[in-house]
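What follows is a short report on a single structure.
As written, the chains take the letters A, B, C, D, E, F, G, H, I, J, K and L, and residue 1 is the first residue of each chain.
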């Protein structure tokens, strides 16, 4: 891939490393590795230079966002969606376009999952399409860039 | 287009006929006709047979959903997102996969726009990407079908 | 039926035209036509002159209520139960005795279905008995008249 | 009455022994005895074997429900409608079909009367028709059995 | 009236066609026709070209507002005051000055009537003066124009 | 005492039999017997014929209130103040003047003690004066009668 | 002006003496003196005998309302709109018709400005028309008297 | 009266100077002067040296409380009951025993009258007995002192 | 068992007499008698003198707690957990250490079961372990004593 | 002090005249005079021309703020912090930099003290440092000016 | 200990390393080391292979839970009880039986400590027994396994 | 600096490392290094031995607070202000005087920033003065020590 293609950072939040191994009835049976391969494959097709990272710590996610050597951010904040003002503030501070992604439709789950601190600092939100949510987000980023 | 391609119904809710004519700072300057052309063009490319309709009446939208001669539904319920249980019940009754779409990021707007009766009966939700929200929804439908 | 029997108007709200065709596990497998036949049959037995109508539009229901050429009203407002002040105001304005009917027990369903704008202008409410709810309402009307 | 007719237990909750003697503008002027006679008369006509009981104590009502030698329950929980989880649990534990009855339309009264713990364990609810509420409940039970 | 006088659209919401016929203790005994005559008479005196319309359907009101061939809007949204985001969005989209009118003082009535979706997109609100509310609104519009 | 003096019933609610024995730092060290003696003594002085009763069961209190052979009621509902609609309904049904009494100032205690179902059916409330609350209530009753 | 014209008292609440000097982007650039002149001029034209007064103290406004030598009251309670039960009680006690006036549309401002203690004791409310709000109120008073 | 009798200050809050002149159906037809005479008469009988004062201003009441040359305080804060933290703080700062008094039963009136800032700093509360509420408060103070 | 072993009172609240007979999928298939045997057996092993009692009436439970001839209390208040301030007050008045026990995990059930009036007066709470909850409570009591 | 030093107005709200005399465990034992001396002394050192004033009336504070002959405002609104929109509006209207000061940490006290109407129109807030809060505010003002 | 005994992981949440050193009046004077020794000792007695770990970071706890080489989990989430959806999700994903433990009775403390995200994914909860809470949890785990 | 000067620990919470680089319109253009220099300079002047640290992880902040080798703490918890009970508990456990600092006035920002878990365990709070907030906190600490 050419070095001048736009860089996109994909962050997978806490517990997403368990994808495909646990609760497959809810989250599907694809592993995070397989999902990342699909992301990278589509990114290549769209002319985007994507890097992916899974992190369980709130502070670690804040620091990764702060590094800022990317043109756009795709983030599935998982549990931190509903509790982390720190991640929200990091996204707002960096000021790069961000797309919030969820595998499941968070509005059909427990009441506490229906509120997102992240949406208010994102360009948009895509939820409910399983691993496809990431691929749609890549296309959205492509348009935004 | 071949008659055996899957049919997708795209419903534009109240006031969306004014797109591109009013409040262009919020909703962009593309008219609904232009957006519909893009939708039809991508549908064709994806092998989907799409029909689009803009309606201002809640009961009219309910009846269009009920007719049911489609494989999937893309709906931007606009103002009815937040107030219409009737549209929700129609979608639930028909039982076809539905994708909820919003041009703007409804979670960054007034408090009363942050609640959706429709999300709970949709496969997923896409919001915040302007007219691209519809195109992403088409791709999501393609995967679902 | 003699022309001097009291007239009763039965209104079926939005999506009830789908009865018996969709979600039969929740709403039962009797069609609206079959239910109407049972209503008319019992009305005849009770000496009531009943007419029935299904409508999906809020404004259409308001206007049907306004016509007022009936002695009593039986209404299953369906989704509008929880959102329509306009239907409430129409019932209050006409001032004829009204009985609110629901097929399912709305208090065992989603939180948003537990509030009724209509009950406060009705003589009484009957819910949870499937199509029998209408028949019980007819008997209640018979006593009231 | 034949011994193999289905047994129906009718429970009148606290203060209903005062019916016809107090607050007749709200609750009407029929005494509980007169109402019970009408209930028994209609039950006989419908082929049901009914027994009635008025109780003021929450625990006493719980114990009567627990005895369980009936096929169905009609209960006017009166004030306990809004406060008694114990009665709710007893009905749920016994698992016989129950119909909740109110003389007045509880949704047109004080705010604290609009919530029922009992509805969520009942087949259905009938309210607002005065003593006729019981008779309609008997007919509903007849259909259910 | 000269063709170059400013046009003012007056919209009467649901159930207002019953004015003077029903609930005259609350809404007074003047019919909508009589009120419209007074509106037209004062408009003529003020040099305004007024047209009036009563509609019961939410979508119908949305579409009338959208037509937009007027300089200012006077609207009594009646029951839709409290539930219609669609009417709100239509007024906001058209961007003409609007005055919200109510016959009764909505803040002295039921709790659910004390919230207006329309006020937030109106220049101002006048309520509580019976049919005079419309005449005061005409004068307010005259000043604004 | 003469038989034609007005009868006043004083009801002490749950746990008040423990007065003077438990939690004396909160409720003082006078026993219920001593308090009753003071009540009877003042009643005699005021020309009132008082009888007192302590009960722990909600249904028992309801039934005592229902007996109704008194001209006025003084009630310290204790814990039932905050939870019993049944006692409230009994007082309302009997329709005799009632005075609600509390030893402690319930508005300075836990949040759940600040709401009284009983006050809304009482002539007035006296709280915070320890056993004197009863004596003040007797004087209030004397004035009312 | 003749001594037998009806007297109208106009009260300007706290901080309104700063009109035209501060925050002119919100409240306009007319001073209170200029507004008072317009009020007096229109009153004269309508045959009303108006007196105006600006006061910053809640108790002072209460006492002015109590003096009661007027037939009707126009009041812009400003900040006290949202906090003063004392002013509300004074208006209710005097029992003269009152019109509540606001320069700005209080329903488009901070949440805490959307509640009025005064509206519930006023004949009606006019808000959002700047100084014209007072003039419309005068006309409303003229009709009421 | 001897100079060494305990001093009791009685404060009547805003609008109580209108007693007996306005809203006599709610507050009774005794004037404040008549009530004060009864208070002084009973105080004399009980050996208390009472002084009474009616004030409409919140700050004025605060300052009267601060003067502190009394052994106990009886206060009917009227409208300030529900809004004044300043009066509350003054009572707490002075630290003399206080009894809160209301003519009407504030818990049977509007929702906003059911909360008192004053009760939490008072020894006790007496409400609902009309002018007798003051006399009962005097007796309560007598016991406390 | 020796007479000087500490006495522990175990109270089973309403409907627990149905254990093992009803809703065995939720509450397990052990009867209350079997559970009591296990309790007594472990108590003996731990050197505790235990007595058990099941009661359905709130007042009856209050009175049993009041008798107070025990060193510690284990209570499963069942439905009264969420509604009974009277039981709470009885436990607080007696002042013996109490352990609150639930068979099921009340925090995974209906919203109204997540609040306990009893916990605030208990030493601790054990829930979710079926009949073992009682046995763990016995061990906890052993440590406390 | 030179006449061209910036003027700072320090307002002490209701009941602060009692400092050092009452509730010294909460507010400390320094009198308001002593605190004022420290304020004046530090102001002199910082080159600020300070004047101080204690007022108990809400309207009086509004008027003092309105006079406006100062460059900056330090205000301890005491009880009015939580209730006065009038003071808030006065500060906003004048538009001078203001610092809100509290002796105690208001966020560790009663719930109703945790909301400030004043903070939203202040540059900043300092609370919890006793009389030092004022001195820190002076330094903050020095930096702002 | 034999290698085939079931493994139990005990996680101590944030600040629990300070046990016995700080706030001993609340949490007791036993150190975490001492508590761990008791846990290990009882585990050995019960035939369980226990390992313990104290962690202050939310992400670190998530990762420890994810490792999953244990048959059951005992967790005292401390402050994260009330804020961490990430820990909740980790427990749910792994799907091993978990017991939630608290030293203090969290329902007798600040309001914000009364809600647990963890309880809803635990088998049960034990709180209020100090270090014994852990030992009771071990016994509960023993029964579950 | 002498080794016996009191040690003060200054903690900068998440995202504060971006100060001066991002969102300079909100947070000003001074970098964290510059701010730290000013802090150290003033500390030296006041005779305080200060050390500063910026951390993004909640657990890391908890551990730094626990080390406890300081006499006082100044903390700007940034986003964790509103979400971290763990930091609150650490401050409470260590028991050293703490001052909470914010650059911006958190009460003029989003609703979710108006609640602080930290204030309740701090001596006081200073907010809204930009980097000066830290310097004022140092002076406050100086007085406290």
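Here is the rule we use: a residue touches a chain if its C-beta (ideal position, glycine included) is under 8 Å from a C-beta of that chain, and two chains touch if they have at least 3 such contacts.
Remember, predicted model here, so these are calculated numbers, not experimental data.
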>> According to the touch definition, list the chains common to the neighbour sets of subunit B and subunit D.
In response: C
> Which chains are in contact with both subunit E and subunit L?
Replying inline: none
> What is the size of the turn, to the nearest 5°, that moves the C-alpha atoms of subunit E onto the matching ones in subunit I?
Replying inline: 180
> Same residues or different residues: which describes how subunit B and subunit C meet, taking over half shared numbers as same?
Replying inline: different
> Thinking of D-I, which of A-B, J-L or B-C forms a repeat of its interface, with over half the contact pairs identical?
Replying inline: B-C
>> Nearest whole angstrom, what separates the Cα centre of subunit D from the Cα centre of subunit G?
In response: 55
> So how far apart, in whole Å, are subunit C and subunit F when each is placed at the average of its C-alpha atoms?
Replying inline: 48
>> From the mean C-alpha coordinate of subunit H to that of subunit J, what's the distance rounded to whole Å?
In response: 31
> Using the touch rule from the top of the page, what residues of subunit J touch 2 or more other chains?
Replying inline: 57-60, 83
>> How do the chains pair up in terms of touching? List each pair.
In response: A-B, A-K, A-L, B-C, B-E, C-D, C-E, D-F, D-I, E-G, F-H, F-I, G-H, G-J, H-J, I-K, J-L, K-L
> Which bits of subunit G are touching subunit H when the two form their complex?
Replying inline: 57-60, 62-63, 66, 83-86, 88-90, 92-95, 117
>> So in the complex, the part of subunit F that touches subunit I is made up of which residues?
In response: 13-15, 17-18, 22-23, 55-60, 78-80, 82-83, 112-113
> Across the complex, what residues on subunit G touch subunit E?
Replying inline: 105, 107-108, 116, 119-120, 122-129, 132-133, 135-136, 139-140, 143-144
